[in-house]
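What follows is a group of structures, each given as structure tokens.
In what comes next, chain A is part of two complexes: it sits with chain B in the first one and with chain C in the second one.
Take a look at the complex of A and B:
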């Protein structure tokens, strides 16, 4: 079946790393008797210039058409030797790399005889592989030199700025009327005194002047089609309802009859159906109608002639090479009655309390009451203890310990006579933030450790609010803390993105956040080629970490699309349409959405693999009941022959 | 159910625990302490009680007095929260807390303490003038200044006052401890405490510093020998030669101990000496004054220098008066609080 191959085998000593255990001479002697093996040699360092030159010369002189090098891990030198055979005129895929160091000599140092036999089996498998190998070509795809960013919080904006600076066209789509996300709503963010909106502003200042950036607010992605390098995206943009700025915005706002919780201060106050720019430097600078709540009574339009309530929704079509998803998080909203949240006005969440502090003058006040004692309850909505089948957030939200520590230090500096109690489960002020913890201690914050199974109780009776807690650091001393305010240190939850998730089909982890391809090696890549994740949509992150990951995602997206074309390894699935019986199991099984049903001329509808999306995982090969699919460069025949060769005595 | 009390820690901090809020309850102090035993853990737990303001537990804990302030905890604290300094401050606070009507607080006030000593000195001086006779200026005879009977009666009066004060304060401490369900350890326990911990100060040996153990022993035995000498004089009614020898040895012990601790406190290098309040200095000053004037008095009597003898005698009596009257209300009171705490922490 296979043509007669002329195969060269090169066994490396690795300076003793291999040859001290494996009897290299014996390996060469045995292998040189294999059919199709024209030459077999050993050498002290095959990866050296001399070693490579020897292979190149042999290929030319002995007219070899395939080469096995038995040496270290392919992760180290596969590319080196592919280069060598290419230079000698062979196809780079007519090469097999047998790992007899990590998998043989290092692993079996105690049994040289068996190690030698194992090395021979490895190499025989390599020879068998090459007998059935065929020259392959890298897959080349054209790529649009533009990137779509979904989400305009600190992560999205940072990615946008990085990509724009690298010369790519950037389209940023933000669902809310203003960019800035959660970061812009926060007060002073650790570890210094800058406010959230100031952080956003410093990115925006740079971003807004750039001519290769388009920002769409009130906008949502409606569909994404295509693949890596060639995504086609449909974006729907709701009108703002404002043509420009109104002279007397306060009056316009006051005539609106709608009252809904104001998300820009986390529901601490109410707002109307007109959303004014919520913080200094907000972008865009003009207000927006909140269409979800507006009843079109037109009272505002009577007061200001800049208001236009009948503008149409616009649709934009974009072509992008890559997509960065930066949809961020949503602060955990405590359940009604959780620690009396919602039923007592003296129970707030951490973001709400931040807003309260921001608005306070010389005295910290809630209503008319001066606040002297504040009790913070940690881990609300994070590290939840499962009870029954209820879905809980079992992860740590990472930022809350630091945020509450920073806030405590700031308010103790600012307001006199304040007493703070922190009811915690564990303090996780990792890294540099440890210093804030120390400062908070030194400033007199009292820390009380509670048991997750015996959480604190908030008791409200009349004007008194009392928190009851058992302190684990004494002998579970039952304490009562009379307090003026209880602050629930709430964590992060994934932003609800049902529609977007249906469109993108990004993999979602158990915690509900988007899942990266590999936590260490591919932390911003996803299983979907050309789609990257940035910021807290991947899991709880603070601003610094969000910015880090968004710059990483930008760099990854840029390296992909900057050259304008993308080269991919050829190890992809290939359907033999004549054998396909359209079971469609491969379509269901493919984790990358790479298989479609297509019409083949003369054969009708059959499965078809988009080799740009395919990662060569082989799931479809295993799923196909007819054996109609093979992976290029690792066909079923090759695998079977390799097993047979390796098993031969 | 205990209501948290944020005031307590603020108050204790005034007595010397300046950095204790930096504590994050890691427990290194407890782990490293050479004196901790199972069921009697400190300083971490004591710090917790103070931070949370659980008065009942803090002052009901014999552990406060089980610490001899070797300073190991302070040197190994990862937060520089000075747990040893805290224990000391808490003891100072406890001395005030255990005293009748918290009268001892005055000895920890910056103005009150020196003022009290001035008043005590004036009272002593006044009493001497009131009861004193015409001193014989030709030959040194202290009984010409104060008659045997006067000294005798004054001694009994001061003794009763001090004893009463100490007993009342001990009862207060006992009440605090028993409210926290700590019980006394029986007669055999008391004897063990008196031999092992008072006479020999066995726990002190466990602390790292050998020299501090020895000098503290020197101070303690110096006091004891001097009391013994006074007792012998008191009973015999004369200056017996045995009393002179015992007194001489006692005086030397007292001076050695006193000078050592003055030097350590001046040097401020070791944790226990890093912070000294007015009482720490006043206590040492009075000890040295009593010791030095005692020796000079003997010298003046032997060499027959009347003026010097009467001056030294007056100073000696006044200093001893100040020291003894203040004893139940100052750090001197540890001489009774510590044995009681040890007795009450013995598990029988």
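Take a look at the complex of A and C:
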């Protein structure tokens, strides 16, 4: 028999989130009659300081030895209340968190009476749990004071610099041959007239040469094992194919027979299978072979002695305490024929147009033609209206309005006689970016609002390109705009990363971007302990927002690994050696390799659990034919008693 | 000059006694989040809040977009956490008077700790509130209801301790006689504490735009024209009337209008920028109102709907699907009818740009944000720079937006520019990282 407990039960209104549906007064009345329940109370916000203080005072005054709080999801506040009971002198695990918001009031808003009964059942189960609970102790492990960063764009680099400056060891893994990501490819970015690569360069200047930073390019994460504080990571590094810089790179490039679209100008031109440093200050500063497209004809090796085509892939194994994922975005690639993209050379995406501008001298030209009129079509690949089962990007890509406004102002300053038409749905130059919109208006950009159900049409006949659109601002007048160039203001999509996603198992949201733990209060945390998301892989962001989120991720990673040790939850499997008959089924079942056979004194060989590796999944509990294994904090007896209590009428 | 001001003039200067790693100014969600990150990394934090409770503006909100979490539910734990963390010392009802940079990573700060006239023994039982005979408008409800002169700021205040508003107190002494622990002490004196800190983080947030200045909208004159912050209070779990009622006659409104860009994107008011949050909080309030008042019509008058953040566009589409009406056009003026209804004059852009009129029985002005950056004045020696509109200037918007013009002084949240809660929390985290990196580099 379990000892008599003195249990306190606290029912939260959650403002009205719970109490608008659940009759909290009735719940308190019923529960206060349960055996072992010494006190039961309700309160508007149990998680507030006042609520926590009430619990602490009750624990001391009424000599409680266990506490149930019935409120929101334990994901939100289990730790809050464990803290409160600990301050009052109880063991933090003499606590049960009953979820009567997500699982009751929110789920059964249309049936208050049944919701109230369900809340009572939840709490009764909690009381039963605590009758059989025992004080537990956290498991303390050492944490590696190092962090892995996946992705070397502006976000990854910012995180790396912050963590390095905080005194942690940093390993940065970049899949491409150069760091810098999308940012490095951009022309002048707002709010200063700085080029994308200059932004990257100003971070790199600080980062390179720090002795606690290792940067791997042409590298990919192949496996991640271990746990928070002690991840083991395998990274594969492809050779660059170059031992050093080439004397005459132009000649080397010219002998290569391969032609593929050049991703560094978004496919505007072609490149060969040798990728030269694509912008000033690119890191590393030596070229790389593009192994995917190289046919090893060795013509390049004949003209340059720095080239080595037979180096092997290297593998490094890293031990890190935390992981920051900063894999960024890719620009939306319009479908073939979407606004004549792909079929007319006079239809470009926004990133391609930026490259065109960057390359132009005093005159904006496409081929030999001078460009006088440009039509920008907004929201291409963003805010798509769903039709049928087709997967669409229903989200707003956030940065595009600002980017196109900035670009327009800059090109109007630079080229004479340009006429710009912006075909938009809403102008979302939020915050201070509004000033760029104002400037664009003043400089004579013409804004035409289109209806998402009647999008513009691009018509090409011979040498003429015409954009037809109905303007909502002038009584849906149909306009035909002859244009030299149509620019599709394309949004962001998550970088495709199937292999990495399989390895990390990070949760992914409906929009395809990584899902944060809580959109407001935990924007860089994920449900996987020790793994953080930074930059545009979490959702569209501009440069400023990306570096903020990566610094925030760095802060969170640092709070975990800076102290050098981490406490793990004690909910691990425990073998009763006297009941174990060495069936070894648990050893086979355990997905984490946490169970071994060991010699116990006086009992011989029996199963034994390495509690640092054990995740408390319970597979061994179910497999054991003798019922010799229990999970601490969730024993078989507790589960049975909870079911019995919840089922009671 | 009020009684309190006279008392504050007599503050007693204390000798410098303690030093901290970081001084965080402002106890809203930005200051709290950054303080907790820094404290978790092992730094000693001094958090100073000028109001009698931490919580800032976020605490006041009802549910927050785009997930409709209850704001107080998710912010109260963070408020409680800063008061419990062993590495955080919290001074509420205190103001920073002076910050002087002595040398790299060495700042001297003077902080005025105002007297609450209630000792720390206060248990927050609220007996003093009950007996106090004086009623004044409650700051936390933007005047929608009253509070006493002896009062606890709100139910879940941190610290949950009473204070006495001496400017309105009539010295009847009832609170003193009633207090069960004898905590009321009218003889408390203000003190000025001197501290040394190695870094400073400014998180003083924003003020609401004073929309009285837009006289065409009649705020302050027409009873049924309220601000969106007042609407948020009407919708909050700690709401004053437990219902949404219009002020003039206590009637449930049946036709509610939102006027977006009230005090934003408006050169005539010298605030040309967009306030970044008003579209979304209005869309949120529209959704909540359709739940609270199923029969009421909700119309949103807008210039552009700026649903730019993660999940925002979907949230906007949801409001449309629920039946909120969106009218593109700026409201030119508002007039009051005899029965306190309101006539909105606006340009109906999607219908040929005609000048149109519509009658509503409650109008919500979606007011913008203004910087709360007067803190720059306490800096002595070096200048903490602001931009033309008064927001703290970032040293580098692209590379490190939370650094300011003074090395060792950082900023986060709305004091840098208008922003929503997700962006504020990101900035707070970023600031914590930059402070930690700075402290680690400058050494002890």
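The rule is short, and it goes like this: the second predicted complex is superposed on the first by the 430 of 649 C-alpha atoms of A that agree within 3 Å, B and C clash if a C-alpha of one lies under 4 Å from a C-alpha of the other, contacts with A are read in each partner's own complex, and residues count from 1 in each chain.
Following the convention adopted for this analysis, contacts are C-beta pairs under 8 Å (C-beta built on N, C-alpha and C of every residue); 3 or more make two chains touch, one makes a residue touch a chain.
Note that the structure is predicted; figures quoted are calculated from it, not measured.
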{"item": "Chain B versus chain C as contact partner of A:473, first or second or both or neither", "value": "both"}
{"item": "Touched partner set for A:628, first chain B, second chain C, both or neither", "value": "neither"}
{"item": "Touched partner set for A:438, first chain B, second chain C, both or neither", "value": "both"}
{"item": "Partner chain in contact with A:405 - chain B first, chain C second, else both or neither", "value": "neither"}
{"item": "First, second, both or neither for A:17, with chain B first and chain C second", "value": "second"}
{"item": "Comparing the two partners chain B and chain C, which touches a greater set of residues in chain A", "value": "C"}
{"item": "Touching partner for A:551 - first (chain B), second (chain C), both, neither", "value": "second"}
{"item": "Which of chain B and chain C A:224 touches, first, second, both or neither", "value": "neither"}
{"item": "Which superposed partner A:419 touches (first chain B, second chain C, both, neither)", "value": "first"}
{"item": "Touched partner set for A:427, first chain B, second chain C, both or neither", "value": "both"}
{"item": "Shared contact residues on chain A - chain B and chain C", "value": "427, 438, 473-474"}
{"item": "List of chain B residues in touch with chain A within their complex", "value": "1-4, 6, 9, 19, 21-25, 44-45, 48-49, 51-52, 54, 57, 79"}
{"item": "In the complex with chain A, residue positions of chain C that touch it", "value": "33, 37, 40-42, 64, 66-67, 69-70, 72-74, 76-81, 83-84, 124, 155-160, 236-238, 265, 272-276, 304-314, 317, 328, 349-353, 389, 391, 396-402, 417-419, 421-423, 425-434, 436-438, 440-441"}
{"item": "In the complex with chain B, residue positions of chain A that touch it", "value": "373, 419, 421, 427, 437-438, 441-449, 468, 471, 473-474, 477-482"}
{"item": "Contact footprint of chain C on chain A as seen in their complex", "value": "13-17, 44-45, 47-53, 72, 76-77, 80, 83, 87, 158, 162, 165-167, 189, 191-192, 194, 199, 202-203, 383, 394-396, 398, 401, 426-435, 438, 472-475, 511, 513, 518-521, 523-524, 538-540, 543-545, 547-556, 558-559, 562-563"}
